[in-house]
Amino acid sequence: RLFFYSTSSVKNMDEILTRTLDSLPSYETREKSPPPPESSSLEFIQFYRSLDKSQRPAFLAKLSSDFGVDHKCVAELAANVMDSQKRDISTVLQAEDRLRYCLTPRYKVLLNHISRVEGGVKFLVDLKADVIEFLASKTNDSPHIRDLNGTLKSMLSEWFSVGLLSLERVTWKSPCELLQKISQYEAVHPVRNWTDIKRRVGPYRRCYVFTHGAMPGEPLVVLHVALKEEISDNIQTIVREFSSLDSVEDINRVNAAVFYSISSTQPGLQGVELGNYLIKRVVRELQGEFPHLNQFSSLSPIPGFTNWLLGLLNEQRKEGPSNRILSDMEFMDIEEITGGRAYETMQKLLSTNEWVSSERLVKALEPALMRLCAWYLYGEKHRGYALNPVANFHLQNGATMWRLNWQADTSPRGLSASCGMMVNYRYFLQDTSANSGRYLRTKEIEASDQIRNLVLQFQKASKL
Amino acid sequence: RLFFYSTSSVKNMDEILTRTLDSLPSYETREKSPPPPESSSLEFIQFYRSLDKSQRPAFLAKLSSDFGVDHKCVAELAANVMDSQKRDISTVLQAEDRLRYCLTPRYKVLLNHISRVEGGVKFLVDLKADVIEFLASKTNDSPHIRDLNGTLKSMLSEWFSVGLLSLERVTWKSPCELLQKISQYEAVHPVRNWTDIKRRVGPYRRCYVFTHGAMPGEPLVVLHVALKEEISDNIQTIVREFSSLDSVEDINRVNAAVFYSISSTQPGLQGVELGNYLIKRVVRELQGEFPHLNQFSSLSPIPGFTNWLLGLLNEQRKEGPSNRILSDMEFMDIEEITGGRAYETMQKLLSTNEWVSSERLVKALEPALMRLCAWYLYGEKHRGYALNPVANFHLQNGATMWRLNWQADTSPRGLSASCGMMVNYRYFLQDTSANSGRYLRTKEIEASDQIRNLVLQFQKASKL
Amino acid sequence: RLFFYSTSSVKNMDEILTRTLDSLPSYETREKSPPPPESSSLEFIQFYRSLDKSQRPAFLAKLSSDFGVDHKCVAELAANVMDSQKRDISTVLQAEDRLRYCLTPRYKVLLNHISRVEGGVKFLVDLKADVIEFLASKTNDSPHIRDLNGTLKSMLSEWFSVGLLSLERVTWKSPCELLQKISQYEAVHPVRNWTDIKRRVGPYRRCYVFTHGAMPGEPLVVLHVALKEEISDNIQTIVREFSSLDSVEDINRVNAAVFYSISSTQPGLQGVELGNYLIKRVVRELQGEFPHLNQFSSLSPIPGFTNWLLGLLNEQRKEGPSNRILSDMEFMDIEEITGGRAYETMQKLLSTNEWVSSERLVKALEPALMRLCAWYLYGEKHRGYALNPVANFHLQNGATMWRLNWQADTSPRGLSASCGMMVNYRYFLQDTSANSGRYLRTKEIEASDQIRNLVLQFQKASKL
Amino acid sequence: RLFFYSTSSVKNMDEILTRTLDSLPSYETREKSPPPPESSSLEFIQFYRSLDKSQRPAFLAKLSSDFGVDHKCVAELAANVMDSQKRDISTVLQAEDRLRYCLTPRYKVLLNHISRVEGGVKFLVDLKADVIEFLASKTNDSPHIRDLNGTLKSMLSEWFSVGLLSLERVTWKSPCELLQKISQYEAVHPVRNWTDIKRRVGPYRRCYVFTHGAMPGEPLVVLHVALKEEISDNIQTIVREFSSLDSVEDINRVNAAVFYSISSTQPGLQGVELGNYLIKRVVRELQGEFPHLNQFSSLSPIPGFTNWLLGLLNEQRKEGPSNRILSDMEFMDIEEITGGRAYETMQKLLSTNEWVSSERLVKALEPALMRLCAWYLYGEKHRGYALNPVANFHLQNGATMWRLNWQADTSPRGLSASCGMMVNYRYFLQDTSANSGRYLRTKEIEASDQIRNLVLQFQKASKL
């Protein structure tokens, strides 16, 4: 039955692709062709949505390879362009224009028509999410799919350019639909109930989203801000502090804006810069509301640090007596406190979060974990850029790696991710633009003295 | 002083173009380059807006020629593409991708950045209007400007695709800003005062606009609809009927939706199909509201008919006794009524609208003017399509040329434009899609028996 | 310390009452006195809110007795009115007007001023709630307090008259603040989570509230409606049915509107008829939306039935062998099934809801419980009106006691309240007005044949 | 025919009054009576609206006399109250309560029911306007009608108390319906077209209204404010200044808020203080927006001055040579300039506004007109309060008569009203409350030195 269904749907695929894509106009008739009826786009959407996840890769493969660029035509027109070089500019431009038209994948025209029907843009965002997933899982890695990915990305980048986005402040009076989605999308510090979310849109808090006309009611990126007297070094004082739930904001107590959570909601918009723009817009918004506000900083998680450290410990154990992670002193301290072998014990205690129950241990581990974490953030790289994705995001935006905070998130989640540490990426507004450019070009990380010192300590301790 | 200013601004042009455009990333670094600061786009906008209308053509010429496509690079990459033909598909695709990147005019990247700042999209729409105007007035007709025009058009087409447009019904409770703009943009049947516009959004009327997230508060196309018991043959009963201003709509009296005015408001969006889509959306909206409503038709002006006829009369007069416009009977009738020479008199009376004061003359002229007008609409062509732009618009949408109405608009405006006649283009919903395709491909006009008969009469009378 | 505080606050009371109330204008100067400054009303509000619950009765006692009506003045003016009887009508009217002014408690003027400041109306609603509570708990039952109660009630009745209320439909797009309050106020069928409340505002459901300009964002009465093919006999199919959460409403499947929950949110508005008006407005609203909808009914809980029955059983047990509750047959059946003594067992099983686990017992008890419950609703009275408050509410509104439903609410809550039964009060629109009048005047209950038959069976069985 | 109609409608009157009013409940049954059906109130409304203006007085007379207070019952209950004096307080209170109930006119209950139906409150406001008009025109001055007037006033005062009013800022984005009404209601400085009204809601201007939940979309009072660097002395710079139409407000240039127009829109709300409260709310609103703003003043017209002066001149002319209006010097100057007899000439020139064409005359008249006008505002009284209604309004609000401005409104309207002068009533916020009380009690006018000096000059000149 499955086989039969699958065949039939493949047959449908051909049919539907042929029908929708064969009628695309030639260069000559491109201005004289009425757009296909909306029903055709709607049918395409419905067909794709009806496909099983397992059937989609084949469909996308077919779409991207059979209905992409006509290479023969490209080659011919490329020849024309070369021939035209010695002719007048008008001829050159026309040859180029034809070539450009021919270089546009045929499916792009289809995708454009789809974008015009109701729900079409949202469909393409979801389609892009599929493509990303298939590429990542290697179920469907072909040059054609990568081309499709690129085409979709450039289309989405245009539609989701900032001029078309609306900034919306979310309050307790915002539609429930919106608040529920925000609660559900909140990945960084999960929302547990009405009071939790009410807190995040209440006094001394701000919550902003970008929405888009083509996806009404759908928040695309969500930014949570706490308004504080100084830059926070602890997340619980932000998300678990309910005392001020009914208080009236005192403008004189607002000196720092702390971005404590930023979440993208559409996997299909990965690679389309929204978070960066949202932060910039929100900064402007907050400056309008609080003219004297001048400290802007994130309070960010450090996902991956604990795992990275456990890997390091593992390696260390295997490679024997060399002593790169702990100083001799620390090593002995820990063995004394735990009564076991330092690395093994650490491995065990870190993976269960048990170490935090021992005050002595916490104290003993602090210097080591701080310098290790600073190194993890500053020194570990992927293609030359910061390995940690949150760090990379803020550094690309032009922020400075500003302060590492001990016991900043002592929730189980925070301990598992980063031994309870969090980091502030600070936005010095006059420098972000230059920082961003430098980081992108030179991969050099802008960091504060605290971070640099910790890194130095790490380098000394580990004899790097 | 003027000379100096002009020089200085030309110098500024170079400077500003070089500064904003030289830093554009290469193919290799295109993903790693942060966008230029917003201030750069804002500066460009401000600079262009500060230019005198007379200085703009030179600026646009420079922009489009010096910062367009790098032809040398294109030629090289075209050679690469040709060379890659025998290699694996991955190599082909990559060569094509590079070529595609290189074929993108450099100014397109700039325009994209501009679209992202506040007010940027509106700026590009206005820029496009300038380009159209310069091309039309031949002040600035160069292949490069035409290329710029094409680039802008394709960009605007994407941003103003229907998925990004919002349909809004305008009522007397809509923002005054919106209603005032609608009044001011109304080109077809001018709005004179508050009561006039109140009437057009009151009972038995609908007014819809498309708006766009990037241009808030700005109606892009406006469609006025009258809800009638039957398809109207007279415009005064629509725009000058105030008796029902406070009445409550009786759903049973709504059998026909008459589109009596459609106006585009943004010259820069010429060529971006909005009116067509607005009509379709409104039809759907009305069907939702009045499930039994099934007659849809325009009541449209016929701009240009009187002028065309006066030209014909002139020709006729010069070319002598042949008698193509009036039948012998008509000719004699008119000479008798007016006591003058038929064509000369007609020319005079038609150009002053005086003929309508004589009931006899009105009666005598009716058959001739009706068949002449039917011919004008149906038979006169521009590049094979209907010469009359309103006719061409509705025919492209798939409407049928349905009924020519005598004394349908007896306002001075209506008489001057088309001797008081108006025409209904009727939308038979099940046929519009097919009609539209046929008209675009074959240029064949779908017309009712009334129209066809009038055309036949004309052909007989004029011995064509 | 407490004593001291209390004294001090009593001193404050005197002070504040004297200050705010002594300056009230006389009859002669009433038009010439500017209102007291708002600060004075705000001070009063703040002072009262700062009082401990235990201090409020004393304050209210003082306010109502020392700042009410000046009895001496009333007596004098009453004498004047009597004297004026033989004089001209103008004199009579003036004497009456003075008397009327004097009969107005002085605190009423204060309360009026309070109503004018921001938050003032809400304060008076809360004050009224205190008064009601104190009267009910006998902590503060004095003729003066009862007068204050009456004055407040008449004031609130005017401000909360229907013309000043706004009907609002609540949807998933309504402000979160509103939906959270509705969730929290829902007393009849508690809301457990987001999905629960989303269901209640989703397809085939309607939720309406009355709001009031003086208490923005505060729902005053909430009515939940289910749109059904027929009048529901079971609540779980309404509040636990999530299958249709994303479905699109099919107008042809909407034949009955079932009011399955109505809650007042402001204890202080007890006695101000809002629920009645809300039902009427909603009926009108629904008729506008679904012209063919013509069945309107509640699906209502029967709070108090189980308790009433347990009392009856207790009495029965004490009073011995007479057999009013069960027929002989039923009596024996139950003894057989349970193996215990019928009334004792029933008492035990009903108070623990255990009886529902035995299918046989459920079957055996059905006829008896149905007729007992019908009697409870129809026959048990308080001051001549239906004892059950829900019944009394709907009967006053003019509804008919229409159908008693077995196993209509098998939640623990439903079993504890009414052995799982629920009742439909049906609104026959053309009769409600007459029914309402008759019930209020004659206390006669309008009931369906089903109910009447059950009552007859009860009367026969119990030999009443 | 008219007679017949009138009879028939009088018959209807009796019928409708009897039907709606006879069924009102007694004291005993007042809590047990369902409200009459809404249809009854709607019928009453419809009937009254259908009456000719000429028929209404008779109807109102009947309503107020036959369905008012039952005097016999009042007398009896008054006797009861007197008898109860020696009994316990509970008996006293009850007797008073019955008497209070009986003193309530029966029509008040009807009016209350009317207020509850849709459009009912608006109906009562319009009814009140009729009553005021009839009382003013003496067509219907009876003690009963005056009583009805008082009853309606107290009811409307409660419903239109500030807690139930919403402050709304009107902008160019406000509903057209609202802006059109505001344009139409603007009585002080008429609005001529879209640009005029756009100016009044544009930059450096504020427009606020009070609206009421029971009359949605209807502005009740409208206040226009200009934001200025200093308190304006000329109205044309406010209503005819369009240069700043598109400018962006510079907060540093906003030092003074000038109330240049305040209009009530509902004649029926005359006597219900709304303007006063609106000014206070707006002051608070503006202080919120511009924390440093501290000058608040009206720029007010002086309706009636020219007429008053013409009357004075007439008197003067008749009474002969005494010379109270002009000093000898002035007298001679004017005779010299005009070449005519001073008073006759002035009378003629002032009534035609011709005097402004002569610069010399304008100069010569300035001192006299200024001191005369100051006297008119300050010295002329009605029942002891300022005769000029605008002055009386602002003085009751606690403003200070601050500055008289020469050539402040040189429009024909301004010249006809007050020889082109206008006056600022300034609101010194810390004093308004005290000023208001003093003025109301002692009728003493708070005025600036400028005003006092002008008054002194007048008194000296006129030898008062």
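Labels for the chains are A, B, C and D, by order of writing; each one numbers its residues from 1.
By definition in this document, a contact is a pair of C-beta atoms (placed from the backbone, for glycine too) under 8 Å apart; a residue touches a chain by one contact, two chains touch by 3 or more.
Bear in mind that the values here come from a model prediction, so they are computed numbers and not experimental data.
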Cα-centroid distance, subunit A relative to subunit B, in whole angstrom: 42
Chain centre separation (subunit A, subunit D; CA means) in Å: 62
Cα-centroid distance, subunit B relative to subunit D, in whole angstrom: 52
Overlap residues in subunit C, where contacts from two or more other chains coincide: none
Category of the chain touch graph - line, ring, star, complete, other: ring
Set of all touching chain pairs, with the criterion as stated earlier: A-B, A-C, B-D, C-D
In the complex, subunit A residues that touch subunit C: 172-180, 183, 194, 197-198, 217
Contact footprint of subunit C on subunit D as seen in their complex: 32-35, 37-38, 69, 71, 74-75, 78-79, 81-82, 85, 89-90, 92-94, 96-97, 99-100, 103-104, 112, 115-118, 120-121, 143-144, 146-147, 150, 155, 158-159, 161-166, 212-214, 273, 277, 396, 398, 433, 436-437, 440-441
